[in-house]
Amino acid sequence: MHFASDNTGPAHPRVMDALIRANDGYRMPYGADPEMDSVRDRIREIFEAPDAAVYLVATGTAANSILLATLAKPWQTIFCAPHAHIHEDECGCPELFTGGSKLTLVYGAEDKLGASALKEAIEAEETRGVHGFQRGPVSITQATERGTVYSLDELRSLTGIAKSYDLPVHMDGARFANAMASMGCSAAEMTWKSGVDAVSFGGTKNGLMGVEAAVIFDPELAWEFELRRKRSAHLFSKHRYLSAQMAAYLESDLWLGLARKANAACARLTRGLKQIPEVTMLFEPQANMIFADWPRAAHQRLHDAGAQYYLWAGELDGDDPDAPLTARLVCDWSATDESVDRFLELVRG
Amino acid sequence: MHFASDNTGPAHPRVMDALIRANDGYRMPYGADPEMDSVRDRIREIFEAPDAAVYLVATGTAANSILLATLAKPWQTIFCAPHAHIHEDECGCPELFTGGSKLTLVYGAEDKLGASALKEAIEAEETRGVHGFQRGPVSITQATERGTVYSLDELRSLTGIAKSYDLPVHMDGARFANAMASMGCSAAEMTWKSGVDAVSFGGTKNGLMGVEAAVIFDPELAWEFELRRKRSAHLFSKHRYLSAQMAAYLESDLWLGLARKANAACARLTRGLKQIPEVTMLFEPQANMIFADWPRAAHQRLHDAGAQYYLWAGELDGDDPDAPLTARLVCDWSATDESVDRFLELVRG
Amino acid sequence: MHFASDNTGPAHPRVMDALIRANDGYRMPYGADPEMDSVRDRIREIFEAPDAAVYLVATGTAANSILLATLAKPWQTIFCAPHAHIHEDECGCPELFTGGSKLTLVYGAEDKLGASALKEAIEAEETRGVHGFQRGPVSITQATERGTVYSLDELRSLTGIAKSYDLPVHMDGARFANAMASMGCSAAEMTWKSGVDAVSFGGTKNGLMGVEAAVIFDPELAWEFELRRKRSAHLFSKHRYLSAQMAAYLESDLWLGLARKANAACARLTRGLKQIPEVTMLFEPQANMIFADWPRAAHQRLHDAGAQYYLWAGELDGDDPDAPLTARLVCDWSATDESVDRFLELVRG
Amino acid sequence: MHFASDNTGPAHPRVMDALIRANDGYRMPYGADPEMDSVRDRIREIFEAPDAAVYLVATGTAANSILLATLAKPWQTIFCAPHAHIHEDECGCPELFTGGSKLTLVYGAEDKLGASALKEAIEAEETRGVHGFQRGPVSITQATERGTVYSLDELRSLTGIAKSYDLPVHMDGARFANAMASMGCSAAEMTWKSGVDAVSFGGTKNGLMGVEAAVIFDPELAWEFELRRKRSAHLFSKHRYLSAQMAAYLESDLWLGLARKANAACARLTRGLKQIPEVTMLFEPQANMIFADWPRAAHQRLHDAGAQYYLWAGELDGDDPDAPLTARLVCDWSATDESVDRFLELVRG
C-alpha cells in the first residue's frame, strides 16, 4: 500500500534492462551518444515537431527551471498557480536560474489556473512602466498538482490569453503521461497545437530512475538552453544512461502504458472511496492522484497496517476519532489491485 | 582502444547489479532511503570523519560548484589553477551558484598550483579595500587535470598558505580515487588531515553511471549545502539510485580497485610510450592520464585503426608526417592490456 | 498645485547651501570625508544607537535592497505587504541583490501588514523542508504606501511575531520623517526599541536631492553591507555631496521640520476635503499622502487648472461627470497653504 | 598639492550654479525632466549619433556594469585589461549585474590591451563547446588607468578584432574627456566611428559631483538598459539633479575645457619632472595622470609639506633615502600652476 508519491516506487524492468544494454562498451559523452539520437527523433515524432529542440536532464526541477530561464528575462514575472511546483517545491531554483525573476501567483480555482484570473494578473503587471516587473511566461502544470487535468479547451483558453500579450507558455509536465492517458489526445494537441512553447516532459514519476525531457518548439532557443543546462551542472558526461532510460520509456509507448496503469489504479481507488459514505473527495481525480477526507479512526487503521501516504491536512494524533483528515494518495505504475483493495478495506474498517 | 576520456567507458557490473537490487520495492525519496544511510556511514568511516556532512549529486560540476557556493561569499574570489575544471569546463557554474564570485587564476607549474604563486595571488587581493574582491576559497584538483598528483607535502604547503589567510580549501576530487591509488595514503590524510575542508569525491569517472559525493568536514555547513543543492535542482527524488551506485562503489573498496586498474593501464601505456624514441612525455603520469607528443604519421595510423583519444595540440591534417602532435590519453577501469598493447604497437608503427 | 509626488518638488535651500559649502576644497573619497563622520555621529545620536552602522546611498531602492540582501539569504523569502515598494516599484532589485529571494505577499489590511496575516504567512512557510523557501526578513513600510502610520503597538506586534520566529525586521522608511512627525515618538522608539533591525532612513522625498541613510543596529553586518553597496555600484567616490545633504538634513532637525510642513499641508488638505460632501476618503491620512474619491467633473476642473496629481483609479476621459475617480495626493515640504486652498476650491467647483 | 585622485577635488562652480537653478520649482521624476531632454539632444549632437540611447547614472561603476550587462550574456566572458577598473575596482559589480559573466584578462602592454594579445585571448575561448564560456564584449578604457591614451589606430585595431568575431565593444570613458582633449579627435571618431558600441561617458572625475552618461549607439538596447538601471537601483527619482549637472558640463563644452585644464596641469608637472635627473617616468603621460619614480627622501619632503598623492609601489617608511618609490599623480581641473610648481620644487629638494 504505497501511495505516498510517484517517486517512491521502482523503475520499470524494461528501463533497467535498457540500462544494462546501454552499459555495454563505449559511448561519446555529453549527449553525443547514439541513444540520444533515437530519443530525439522519437520525441519529435511523438510531438509531431520535426524541428523541436530536445534535451534530457535528471530532475523535474531542472527541466522546469532551465526552461523558464530560457523563456524569461530576469526582469519578467512568471505567471503560475499558487500550488505550482515551481513556486512551492523548487526552493527558488527558477529565481536562481532566471537571475531574479518573480513568480506572480494567479489565484483562481483550487487546482487550476483560471482564465479570467490569469488575464487579471497579466493586466495588473506592466502598469508602472520601468518600476515594476514586466510580463513574462505563463507556466501551466499538466496534470495539475491536485490530480486534475486541463481540457484542451481550458489549455487553449489560457494560452490564448498568454498569446494575446505575446507571452510564451511553459508546461510543467512532470505528470504529462498521466494527463495524456487521461485525455486521449495527442502530445501535439496537448502542447504546441494548443499554444504551448516548451514542455518539461516527465519520466521520473512514471517508471524511470530519473530523466525528464525538455522539449522546446522554437529551435532558436536550443543553444541558450544548452548553455543554461551546462552552467547549472545538468549536462551529464555519461549521458547514455539518461538516453537509455528515455529510449526504453518511449519504446512501444511504454510511457503511455505505465501512465494508464497508474491512472487505472487511481480510478479503482477512486471508485472504491466514493462508495464509502465517510469519504469526501476534494477534487475529481483525473490522473493518478486523489485528495480525500475520511475519519481519523480509519487513518489510524491504515497507519497501523503500514499504508504509506501523506496527510494533506490534519494530524493523526488527536482525540476525535470522527474528525475528517485529508489524505493525498498517489498511484504509480506499480500500484496493484491488491494494494488498492486492501487499502479500501482498511478505510471501510 | 578507448582513451578519449574516463567518461566514455561503461559502469562496473557490480554497480549495475546494485541498481537492479535497489530497484526492488519502495523507498522514501530525496535521500531518506536506507541505502544513503549506509553510504553516509561508510564515507565517514573512510574519511575517519564521524561528523562529516555527506551528500550525493550526479555531476562533478554540481559537486564542485555547490561546494564552492557553500564556502565562498559572492564578493570573494576563488583561487585555482588556470586549467582547473571549475574555470575551463563548467561554463560559469561556480559564478552562477556563488552569485558572482570571481576565479583568480594562479599561474604556477604547468600542472599544479604552486605554493609561491598561490601566496602571491592571495597577497595581491584585498589590497584595495572594499573596491576589490575579497579573498575566498582555494580550490585544488587532485589528481590534477594533467595526470599528476599533489604529494601530501605539496598539499599541506598549499593548505598551510590558505589557512594562514583563514581561507577554506576545496578539493576537486573528480579523480580522487586515482590519486589515492597512486599515493597510497588514506582518504583522511589526503583531505582534512592535510587541511582540506570540503571534497568533491568523484565516482562518475571511475566506474559509476553518474554519482559524486560532496563531503564537508564542518557539519555547520550541512544545511546550507542542502538548500543550495535543492535550489540548483540537484536533489534527486528517486535518490536511491544515486545511493545504490555509491554503496556499490564503496563496498569492498571497489572504488580503489577500479582506480588501481585504471592507473595500472596508464602505467603500462606510459612504460611502453617511454620506450619509443619518437615519444616525448609532457608530464610524468601519476594517475590515469598521459600527455605525450609523437609524430603525425603515428597519429594517423592510430586514427585509421580506430583508436579513440583527443589531440591536445596540433591537427591530424597536415603535410609534415614527422611533426609532433600532442595526445591526451585517459585510461578508465575498463582499459585492457590488449588495447594498451595494440595502441603501443600502432605508435611504434 | 503639485501633489503628484514628494519627489517632484525642490530640495530645501539649506541643503543647497550645504552643498555649496561642501564643494570648497578637497576631500578624501568614498565616505572618508569629515562630513560623513558628523553624519554618522548625529544619526547614532538621533537613534540612540552608539554602535549602529550608518551608510549613505542615493536612492531608496538601493537602501532597501542592499539592506534586505544583507539580512536575507538567497533561499529565504521576505515577508511584505502586496503594495510594498520593494514588491511593486523596484523592478526586482531585491531579487537581484539577494541572489534570488522571493517576496511573500502578506494580504491583510488595505494599507498595512496585519499581525495575524503575518503570522499565518510565516507559518505557511517552512512546511516543506528543503523544498520550499525558508523564512526570512519581515519588511515594514513606515509611513505606509497608503499614507497611514503604524502605531508603536502595531509595530511591536509585528516585530514580536518576527522575533518569535527569529526573523530580522527591516523598515522601509522612505517617509520615516513623516511618520515620526505624525507619531511624536523618538527614532529609537520607532525602530530598535520596537524590534526593528535595520532602517532605510529616507531623505530624498523630504527635501534632499537624493540621499538615504541605511542604519543597521547590529554592527556585525556593517562590512557585508559595505561590500554589497560597492558591488552594486552604490558607493560614491565624491561622497561628500551625499554627506553634506544629509548633514544639512539633520542639522537643527531640519528633517523633522520639513516633514511637519508636509504633514501640515496634508492635514489642511484633508480637513478641506472632508468638508466637501462629494469627497470620500479611502484611508485616514496620517502623514503626507491622501487617497480620496470625488466626481470626474471636479477632476476635470483640477486638470484644466493645471493641478498635478495621479489618478489612482479611473480615467479622466469618460462620459459620466458624476463618476467617482480616486486621486492620490502627496504633499512635500514645499506645499503652500495657497496651493492647498486653491486645490480645494477647484474640488468644490 | 592635491594629486591623489580626480575624485577628491571640487565640482566646477558652473555645475553648482546649474544645480541651484534646477532646484527651482517642480519637475517630473525619473528622467522625465526637461533638462534631460536637452542633455539627450546635446549628447547625440556631440556624438553625431541622432538615434543613440542616452541615460544618466551617478557612478562610473554603475555606467560600466549596467552597460556590460546589457551587452553580455551570463555565459559570456568579457575581455579586458588586468588593470581595468571593471576587474580591479568594482568588487564584482559586472559579475553581479551580468548574472555571472567572467572577465578574461588580456595581458599585453603594461597600460593597454594589445591587439595580438586580444586576438589570442578571443581565440582561446570557445574551444570547448558548451563547456567553456562563450566570447563576449571587449571593454576598453580610454584614457587608460595608466594615464595613456589609445590612438584611433589602436582603437580601430582592437575593435576590428572584436568585430571579426562579432563581439560588441564597450568603452570605459571615466576619463573620456581627458582622452578627447589629448587626441584632438571628435567624440564620434573616438567611439562609433572607431567601432565602439557603448560608452560610459564620465563626468564625475572631471568637475561634476557625480554623473556619468551611458551612451548606446544601438537604440534597440535602450529598453533593456532602462530595466537594468532600474532593477539595480540606479534610476533617480529626482533625476533633474543629474540632468542639470550634465547639462552644465556639456554647455559651451565645459567638459572639454575642464579636461584641457587637467591635462595642462599634468603636462606642466610632466615637463618639470622630466627635468629632474632623479625622476623616472613609467609611462608617457597623455592625459591627466602620471606614474613616476623618485627617491624616498623627496617623497618624505613632499609628505611633510602636505602633498597628497598615492604611492603606487614602495613605502615611505624605510632606511634608504635614495630608494626609488613610485608615485601616482592625478590632476583634476582644479589643479593650479602654483601647486604644480610647489610640488616640483619639493621633488627637486
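Per-chain numbering from 1; labels A, B, C and D assigned in written order.
FYI, a contact is a pair of C-beta atoms (placed from the backbone, for glycine too) under 8 Å apart; a residue touches a chain by one contact, two chains touch by 3 or more.
On a predicted model such as this, the values are computed, not experimentally measured, just so you know.
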Problem set entry | Distance-maximising chain from chain D - centres being C-alpha averages | A
For this session: Report which interface contains more C-beta contacts, comparing A-C against A-B.
Result: A-B
Problem set entry | Separation of mean Cα positions, chain C and chain A [Å, integer] | 42
For this session: Please compute the C-alpha centroid of chain B, do the same for chain C, then give the distance between them in whole Å.
Result: 51
Seminar exercise, completed: Chain-centre distance (mean CA atoms) for chain A and chain B, in whole Å, is 34
Exercise. Residues of chain C that touch two or more other chains: which are they?
Worked result: 74-75, 90-92, 96, 99-100, 130-131, 227, 230-231, 235
For this session: Sort out for me which residues of chain B touch chain C in the complex.
Result: 30, 73-75, 99-100, 130-131, 134, 226-231, 235
Seminar exercise, completed: Counting only contacts in the complex, chain A reaches chain C at residues 74-75, 88-92, 95-96, 99-103, 105, 128, 130-133
Exercise. Along chain D, where are the residues that touch chain C in the complex?
Worked result: 2, 4-5, 7-11, 16, 19-20, 23-29, 57-62, 65-66, 90-93, 96-97, 204-205, 209-210, 227, 230-238, 241, 308
